[in-house]
């Protein structure tokens, strides 16, 4: 694995490394860790890399890595830069024969996402998008149970993602996370909806197996002087007639990272919340609520494949993240070995999920600021 | 207290009696407990009433009670019939000098509610509307803390009320609760939004002290053959610029009665859910979440006045209900004695809350079925 | 109902009245509400009693009530005084033909409790002991499920009752509750173990259907100058070989009233905690934990009989208390009518539970201060 | 890092690798992964080790590694074998100049533990004991707050560790975890008390900073035919006069791994449970309960140093485990570099905690089967 971004001053880069390395399947071999060459160098050193594999630009990285012998050069890159710097390194990676892991939202614009899709089609390479929350085993269990019909026909979906960390104008205090996320030039056309609304939206389609077809939304900018939405809510229609509400906010003062989803069919419902990620609640019309927990023999194959500890030994965010890396690396390894990956390994978000995310962003922004509310198809 | 409705076959009538009687401040002295005179009679007997105070019609009740001497006749009536039979007994009560407790929604139409308001103005009598959930002491504490500014300027409100009991066509099985609630001729123009959406809406205004000004909504009928909404969601705008989402559904299969509200200002937020009614969560941007609990000396005067047990001795739905009756009866007693009720006693929902509820119903129905979504003012 | 104790300055008396009156089955007709005649009088007036039914002493009450005609005089008395004043009014009531409700622990000494048992045998009268926590419907459901064998052979019981209100020397501040409870002359030979340990102990036998046979304990006095235990823990052996731990403390600073019980058999286990009284957790070795909730059709007959609201409308401490009064009054009424009470009505704590409580106190005190620990049979 | 044990058929070995590798500070370079050379070989290969670093015996490993050049040979070993095979490889490692990570309980007997202590004293090498639960940041926060006096003088400690996985005779089904843990020849003189009771005991001393001085206990064997305790409870006295209860059971059918600790002083108390590991509850006599959460700026230095994700991104068991490895490796690296480790790095369990654990086992076994109960000093 090589990295683009993820210097020692960056939050999400450290998360990616932890997630990639924990299973002893992936090695960090090179990287361009910052647009500032000094930071890239010092970061790379602190990751125990030899200096000749620490690059000043990602362009240089692709050039030099391509020339290394097959067993030695990186197999894939992980892109953990602000949204505006997603597309170019991804494109170069694919054009140079490297697989790609990329943070969400996949690109700065929908057009870029579609172009990546074309490149993947052309090259046959593999791309994983780190929608972390669908990496949780309990979420995979939810999906399995919904899609095999345990809850009957799905009618109602509530997905919410309240955060509070942008309740004040944090971007003016030098906080780098806040700074680029609230800047339309680096983040894109959406703020909260791009940063976290896409996660909530992804869960609705991932678990339900449905497709959203149109939405009506209101986006808000609560903190004065901010240029992008820091809050919003959308009414969503799904292709089977189900109805959803997607709520995302970064000004719910005092909330941490409380992504939660509830789905109801005509026979029962489910609830999952990231604050208690190893638990899945099943609700029934005629019998007691069940508390399904990861690590038990009664769990389905997807949950089991994505669990590392026995019941009662909580797993968390890093393990969910690591599930994406592990499934991606199992898939890439199989393909490098000329074999067909197992279906369980292919269970990670791809460019198609990235495109759905960009379509959601486009739709929610179009609907969210309209003079009169309207249903926007997507 | 005399009752209209509340025969031994009715759910909500029993609740009203428990709530009214527990504090030893109110006595059940008469009633017309059913439109079926036999049920009225047998019900009245089972409540230990003398036969001459068990009436065949509420008309008869008003006639005969009016003629009784002041110390003997009922002071007020409690109306616990289906919505379509709210207005007429309420009107007659007011016209005959009796105070009124009435179940929500206050009337069948907004016009009736406005007429009740006129009658109350004219007669100076007292009307209490049983929006039970604002009777909880923790909700009153929430209100006190929001309105004194603990959370700063309010920005975001989420109110939800998921139930699952109407997930199937229960009204076809002879269930009387389901039967009238899903019948537009007895329930009014809204189903879930009238029955439970009004409760959620009431909490938003009660706690925040704000007024909703317009909403955009979608109402749904999920169970085939049903005539009224059994589900819906609304985006709501408040008069200070705050934004709300109100969700109410009776087809969230497996949910009980999970009304919940969250309110966020620029300094912090709060969360209250009826499933754990003695707890109020306070959330802060810079310090730990606080779990405020009823019965503690640190609670404010409204919470204290409406709590009967020390901390750790849970109170529930009946006590919340009883708070409305107790405050109403303290108010009526003071007025009967020619005294000014204490402000704490006046803290029960009135005809004005009833009117707001009917306006909410009108607006959400108007918005909820529109061809194109729109903002409906109310 | 007549009352002994329960003046307007007393906590538990108010609870008894709420519990007795809410179901419209019991009327407060007389009482001696305080050893101070003025307080008794003013209390009685505030309860709307005629002055001739407000008594100066309980002796006077028994004398005068006995002379009233049958339909008019009280049917039973409720004794809500400090422990030292339990036995005498109970004895006089039984000797004068009145049924008795009495707060726990039943008496000041075991000998008194045994004498009450003799009197009950002799008179055929009914006595209810207000071990409130076994009045909760979820506790009754637990009992039903344990005793029909759902969890297999019971092995392990944990019962705990942590409170924090006596963490400091509250008795020196004039708090009347603290004052008599920490005074061996009014409370008896045990402090925390008598006041709350007996509740925890009662739950173990009530739910499991087992009998404790011996215990080994340590009692502690943590607050300097206090004369009775404010904390303790006991290892307990049951008659089927099961083992228990009973923990009770009133110096767990910050705890409210957190009584909780867990019972495990060879097939599964259960957990109930009063902080969330409408929920019973069922735990299994081979399938998900189940959350059983009061008010659902799937509940057993005992839970149903003792529930007043539908699922999702929380009941609390007062309703649990009221269940004792209701079952007691149904039983007394049946017996007054010369009929056999239904088994469901007989489900309230009796003099036998009172004796078990006194035996527990004797044993735990004997074991708890021993120089060397020992197993004390009881 | 070299490993003793941890073949691909072992549970805890995989956990150790995940924990050791995730921070990119430790590399697995060699190992003897099983007493079966074939399993050792296939395991080592699956961990991407060269064949010459996969050993048949740990004796061979020490011989060969010692001869490798300094930069190449392993720096420390991780011992993850059944208890009976702890001492010998630990002794050999220390005698050959390798640091040691060892699973708990540290050895088979107390004598062995004391001998390891001598060896460490003599060699100056570093030993870490994997009492995972004190690796959680919320536990470290608890410790910091207790020891700086937030809760006043500590009076009461409850530590419990209920598991249910040994409710039936799992050791007869070929389950390797159950098999050695219930075998006195491989596990030692205690079953549940050694396996999990030591964890609970460790938390009491780690958080409180107190020393237990004596205990009175009962140990039970509930599953017929089992040779070691599968359940037990102990009353414990601490050196400041505080009293504790330690409960450990592996037959609480339906429980997962529910270790929990509560500590109360005269000013307040705390609660932590591994099922919700990122939360620490603070309880106060005069103000609301506080929910302290990892990842917030308000946390103390120890919690911060041991947290990898921002608030709301749950960490779990593997991260707690990794904290031990990270602090150990930071300490070892500093010592290898001739520097003094920071105090924060030294915060991992050592041989002294191992000795305390063995003393606890000795005491609880001595007390737990006595004919008459007694206080056993330790």
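We just call them A, B, C and D in the order they show up, numbering each chain from 1.
FYI, a contact is a pair of C-beta atoms (placed from the backbone, for glycine too) under 8 Å apart; a residue touches a chain by one contact, two chains touch by 3 or more.
Since this is a predicted model, take the numbers as computed values, not measurements.
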| item | value |
| --- | --- |
| Other chains in touch with both subunit A and subunit C | B, D |
| Result of counting contacting C-beta pairs for B-C and A-B, higher pair | A-B |
| For subunit B paired with subunit D, centre-to-centre distance based on mean C-alpha positions, whole Å | 55 |
| Cα-centroid distance, subunit A relative to subunit B, in whole angstrom | 43 |
| For subunit B paired with subunit C, centre-to-centre distance based on mean C-alpha positions, whole Å | 34 |
| Of all residues in subunit C, the ones touching two or more other chains | 255, 282, 289, 293 |
| Residues of subunit A that touch subunit C when the two form their complex | 282, 286-293, 296-298 |
| List of subunit B residues in touch with subunit C within their complex | 11, 14-15, 17-18, 21-24, 28, 47-48, 163, 255-258, 274-278, 293, 295, 308-319 |
| Residues of subunit A defined as touching subunit B within the complex | 151-152, 155-156, 158, 160, 162, 164, 167-168, 216, 218, 220, 222, 231, 233, 235, 243, 245, 247, 249, 251-255, 262, 264-269, 282-285, 289, 372-375 |
